[in-house]
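Labels A, B, C and D are assigned to the chains in the order they are written; within every chain, residues are numbered from 1.
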């Protein structure tokens, strides 16, 4: 299992979010409180959007985030208004850069906490369901990257919530065909450079933790002394695997089987239910 | 493209073969003479058999062989009578440990120089041809590992030359179906702990270089002053991508479309031709 | 802070000691019970002696031990009767191979848990005290390697306990000159290929934990059902930062300010006191 | 030996300079034409200044530049008007991040091609000459970093050409005291965030190659069709170990024993001569 952060809002130096909060992602890499594993030291990644670039940038490496100097350098010198960060605890697949999140395809970023149950047994059938035109771009061996390519196959570029619902439905159907009781466990973040979607779902309806930050103007009213909040636009939002600090009123749980969408000037929560593939014949 | 060495014979310290000859594999990693690329710095690996172990050991890493201290440590402290060494120059797939040769499955080691032409386009169809029971063990993204799993699927454990011929035939048929002119280019080494097979073949009949060493007793007669030869048993053999040094009479080219087998007390060369899959229907 | 294991006795596959016990060193890298840090993921190393080699072999790498495949490969294929293993949690110096333990010089291996207090301030004076002929061999930036070179300077090759006592005295004197209250905290293991010494000491007399294993014949009498013990010679000994498992009667604390020596057929504990440099003039 | 590039001028995406020219630095890492070694695969680094940051950013890693994805990601997403890039071929010291250039201290960046002759023998005396207050910041083991700290000790922050001259004089004097014929070989680049200095010198007056780019307006007149030149300000300058391409008229050799200074709106070349330490007593 893993931990992740997705940020959308006023452009900030990445380190303001990644390194400065009390229980930041680096701290979580050593001492996660809510994760299945307390240590998340099997690689990390950040992905960030910059104006005028065709794709987001991705920096990933295989060692622990806590000792990686390049992560610290980039985070203390790069500013972005939409970025992802992820720390990995492998559930068995190799510790290698191509298995680190976030994954990128064109303008899209994807990251995941959770697992496809019995992934080795299901992997072949799921890989077959990937669009043959996309298949060559699969580089790693994780369930998480495979989920991304299934979502791309099922229309991520056109309707992300629908594509993720179809992906979840396909995984559940495939799992059941192989006799897997609870095939899917996921919190997923996906972005296209403007909007950010975050999903919380599991076949067992016992999903990994996921939180979103309170509206900035409400937080400012609660904490007039926190100077950092003054610099943030009203529509700034964080979605995180576990709260970054102990600021009262700052964090709200994403409900079970729910997804949220964050875009400039707007955000909302919606129910999430898998969509099973249509039976043919 | 890559360079490789396979050794079978008297147990020797690995460094005697890997580091001491004039144009050794480490030197080839910086200055290959016969490779498509002069630099082979995209990872390396060694695999060696030890008595009483269930599997061979494999040491692989992603940096260049020339500066890797762990390779030097192991090579100067480990003795084996059957081992592989490989240096990699990627043709595009990621530089990661799971893409480094040799690959291992059970007691089997496999390494490759060459390429499946237009591998990204053929990869999906070839992956589908892998035995579903073996599919979960594919860890990397190279054509070379895929070839190994196809050979395992097609009977490597029972009849290696036949399985490799079927693998080559399957790749050629798949390539032709996709309009690829010359689908396969390979020199391959495979071992089971006792025997060693080496294959030289390409669809275009213009295969990468491959050499085998002259019989040790003949070499000793030619070079009575080379003390190293005195320690080697008569059935010691090396198969290499390019000669390790300039010892006159030491190296012989493996002919085009040929494979060799080396086992204790015996070796031989045979013709090699791909076997096309039987048409069904 | 770090964790370490030193083994002397019947030749065993390294993995029998490193991977198989319940609370083995790999487990300690994730969940140390007695260390200052619970996570020891800033590199690791093993050093092992083999017959007929001029030096021990050393395998070190910068990532966590728990995910390192080369460590697992070597440990499951290499046998030794005298070896060290170490997992690192940096106290500030860079995570790099030359800062990983064990350190080697000629036939000597050295590893350390602890710290020189305010090492950055003392480092220059201590480096100046290293024999100029040895100075060029310092490769890393840790206090631990510097301690090794000070001990070599002060006679390690001739009388290890005396040299380590002089090293401790020199560090304490240097620290006091700089106003450092408690300059030294250490558990150290050192070996020459035949003998093994282990030291537990700190200026504050509050040293990091250190344990040694009970005599094998006594353990066998206590646990006639533990088959592993039947394979071990009577003089087999382990010295460890924290016990590897919960076998009752297996582990004994090395007393404060004490060192032990283990050699074939003999072992003993002795008092340890730093020896201050003689005042000149 | 190594290769390096220093850029000062109009803010550009780093990849415009690092990846796009015909014989760019990445190509030089595989096939240097003028370096002592054709392969420069022992690590790399980039350092870049960004507005409003207290220090420049540094990204360094130990593998070859040609296969490093993080380098490519940062170079294609980060813009700077003053940056360094370096590819390393070690002359013997460890391949580790702390030995990769550029080195940073506060706002200063430093990189080097060349060597202190018999560095292992001279290293201790030179390290002793470093200001004790700076000594704790030495992290690696290269001659290049030591040169940086000597220059800092000798006044780099106040008068860079004078400090580098004193550094060269100190190294030459130290070398001669140890009987080294030609102690110093260097091309060095140093920057403070506004200005860039580049030095070409060797004790033997046979210095490594160094080139600077022709004035942009003159180049534009020569090559009206090269669109890239239209985007560059008139005061944009590159200083490089070897020319990046074959644009006629674009490159000029820095003369032997010369240094150049580049700052917004101005640049100049000057003679360079080492300054020997004043004799005391």
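Operating definition for what follows: a contact is a pair of C-beta atoms (placed from the backbone, for glycine too) under 8 Å apart; a residue touches a chain by one contact, two chains touch by 3 or more.
Just so it is clear, the structure is predicted and the values come from calculations on it, not from any experiment.
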Count of contact steps on the shortest path from subunit A to subunit C: 1
Degree value of the rotation bringing subunit B onto subunit D, based on Cα positions, nearest 5: 180
Classification of the subunit B:subunit C interface as same or different, half of numbers criterion: same
Whole-Å separation of chain centres (CA-atom averages), subunit A against subunit B: 40
Multi-chain contact residues (two or more partners), subunit D: 97
Topology of the chain contact graph, where touching chains are joined (line, ring, star, complete, other): complete
Subunit C - residues contacting subunit B, complex: 48, 50, 53, 56-61, 69-70, 73-74, 76-78, 97
Interfacial residue positions of subunit D with respect to subunit C in the complex: 93-94, 96-98, 120-121, 123-124, 127-128, 132, 135-136, 138-141
Residue ranges of subunit C touching subunit A (in the complex, touch as defined): 30-31, 38-39, 41-42, 62-64, 66-67, 90, 95
